[in-house]
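Chain IDs A, B, C, D, E and F follow the sequence of writing; residue 1 opens each chain.
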Amino acid sequence: MSELINDFNNYRSRMNERIMETANTNIKRFFALDTTTYANGALSVKTKEMLGLVASMVLRCDDCIKYHLEKCYNEGVNHDEMNEIFMIANLVGGSIVIPHYRRAVEFWDELNQQGNHQN
Amino acid sequence: MSELINDFNNYRSRMNERIMETANTNIKRFFALDTTTYANGALSVKTKEMLGLVASMVLRCDDCIKYHLEKCYNEGVNHDEMNEIFMIANLVGGSIVIPHYRRAVEFWDELNQQGNHQN
Amino acid sequence: MSELINDFNNYRSRMNERIMETANTNIKRFFALDTTTYANGALSVKTKEMLGLVASMVLRCDDCIKYHLEKCYNEGVNHDEMNEIFMIANLVGGSIVIPHYRRAVEFWDELNQQGNHQN
Amino acid sequence: MSELINDFNNYRSRMNERIMETANTNIKRFFALDTTTYANGALSVKTKEMLGLVASMVLRCDDCIKYHLEKCYNEGVNHDEMNEIFMIANLVGGSIVIPHYRRAVEFWDELNQQGNHQN
Amino acid sequence: MSELINDFNNYRSRMNERIMETANTNIKRFFALDTTTYANGALSVKTKEMLGLVASMVLRCDDCIKYHLEKCYNEGVNHDEMNEIFMIANLVGGSIVIPHYRRAVEFWDELNQQGNHQN
Amino acid sequence: MSELINDFNNYRSRMNERIMETANTNIKRFFALDTTTYANGALSVKTKEMLGLVASMVLRCDDCIKYHLEKCYNEGVNHDEMNEIFMIANLVGGSIVIPHYRRAVEFWDELNQQGNHQN
């Protein structure tokens, strides 16, 4: 089991639970909207997760990148497709994205080494 | 012919020509890379243009949004798909994206009224 | 009647109507959430509009700034309070905020000259 | 004593001292301005710290968030008020703010568990 | 006389005067700091204006870009140097900078056509 | 040997190697462009690295800041010059840059203590 992936997912789960205990109604609605937005629709879940990933990369949010990388992996995005997403993110966002791209490659490698798709 | 679309495209073309006259080699390479990045590959042009659009929306660049809206239109992105892209952009980028979303809807309407796909 | 204020409000109203005609359910929910978030609660509407204004200034969104300036005006934010909000925005966001601050001062002047609070 | 709070405050204090040893006059003036801006004035310290917090959240700066959370805590911002600030930050800044919101909730919890207001 | 340059400078001057009439002490100090920061020191004015320009480009603020372009022009930054600044800005900030780069090239051309250095 | 500097450089080297193993042609071209952009030209390497540093600071990317700090150190940027760059970054980017400035001062101190210029 990858420590990098587990640490990320455990912290995220623990704090999301804490948020559900403490948040007000509007915040809970916002989180619900965050879930329904990525559901299958006119666009597939796979396409939506790729959109979420590229948005996260150009906005340079490591945790958001990790989250969507895992979703993309589970949706079957392959190596060549991922590299084309990485390129668009680097191009649009600029070289300032590169440190996040490095960490994305590391996380993507761990997802592929761990191997079990958890769709 | 839509004035909004024409004004955007004319200014863009005129200044890109001026850039090609004045830019150094690295800038020309950067522009070349901007073109090849969106070419058909492991991901289709349509998917790539959707990725370019969502990145442009969360980074809140009106001209980039217009450019990718026109490309998406020419690639056959339909109304329901576009709304799902708009939603992801609004959700990830937040309500600060809304003024850009308003202008995107206006430009998207003009593209649809003008009607001729220029793929 | 101020042309600057009218043009802003008319375009905003017209495009918001168009959005309500064309948007999907999630986008409509997002807009509804945008409304309920600024409603009176543990924090007053006045405080919330000041929070919305400072967030809009550091994110450098002119339309968002105009919108919250008008709301702040209607909630009775006075000249000295507004200057302290402007200062926090300039300090946190940096000198890159100054051009937006200039346009904010112009819009704030017009709101005060127009004079009728439309709470 | 919370390790999270202590580590943050100790590093901040240590480096601010080092800055005062090494900085030029303009930087020292900038830091002085950072202090006077949040002083009691037309707006209360509490309101200003809430403004500083929301600005820090939409700009997604974890250290700035922690700093203003502690100040808000010391100014007596209560749980319901804090949730409304969190909601405005999430709404305006978008879901990209969520990982910072998670860390903010964790820090806010620690401040409340530690309990001693250090105003 | 270039209309583009005049319109920019006139609006900027008019609103800066209005700011000096209406701003509080902290804002005036912030503006004073903005002036002294770019004064000749360990780094030359020319180098500082190039730093101000690249910062403005990657943060994508058209008015800030125009301001520093004019200063760079007056400090004698030449065509080849300007292109290397443009390249660093495009590279670091990404293709999202390109629309701002187009407008920068247009303004830079006008400065060179107008010709009179106003140092 | 500074652990802070070594850890940064080792991770960066390791992941850049991994990127060269896995990236597509466009990404490799983008990285090549990143190298040639900072080469000696109309502007000196020293000036370009200062431009890269200020851009990295206002965009608030810690790894990019560290990278350009080390390059600036190797190009002989002195203490007074560095403080003027820091000031421009803080002024343009605002107080949100301060936490990154703290970490920059720490890294700059380590570079100076380690002492061996590796130009």
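As a working rule, a residue touches a chain if its C-beta (ideal position, glycine included) is under 8 Å from a C-beta of that chain, and two chains touch if they have at least 3 such contacts.
What you are looking at is a predicted structure, and each value in this text was computed from that prediction instead of being measured.
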item: Chain pair equivalent in interface to B-E, over half of contacts matched, among C-F, A-E or A-D; value: A-D
item: Residue-number overlap at the chain B/chain C interface, same or different (half cut); value: different
item: Centroid comparison with chain A (C-alpha atoms), farthest chain; value: E
item: Centroid distance [mean C-alpha coordinates] between chain E and chain D, Å; value: 32
item: Inter-chain centre distance, chain D versus chain F - centres from mean C-alpha coordinates, in Å; value: 27
item: Geometric centre distance via CA averages, chain B-chain A, whole Å; value: 24
item: Shared interface positions of chain A, touching two or more other chains; value: 26, 30, 33-34, 37, 55-56, 58-59, 64, 80, 83-84, 87, 90-93, 95-96
item: Pairwise touch network: line, ring, star, complete, or other; value: complete
item: In the complex with chain E, residue positions of chain B that touch it; value: 11-12, 15-16, 18-19, 22-24, 26-27, 30, 34, 55-56, 59, 61-64
item: List of chain C residues in touch with chain E within their complex; value: 60, 79-80, 83-84, 86-87, 90-91, 95-96, 98-99, 101-103, 105-106, 109
item: Residues of chain C defined as touching chain A within the complex; value: 26, 29-30, 33, 36-37
item: Residue numbers on chain B that touch chain D, as the complex places them; value: 58, 90-97
item: Residue ranges of chain F in contact with chain E within the complex; value: 33-34, 37-38, 41-43, 47-48, 50-52, 54-56, 58-59, 64, 78, 80-81, 83-85, 87-89, 91-93
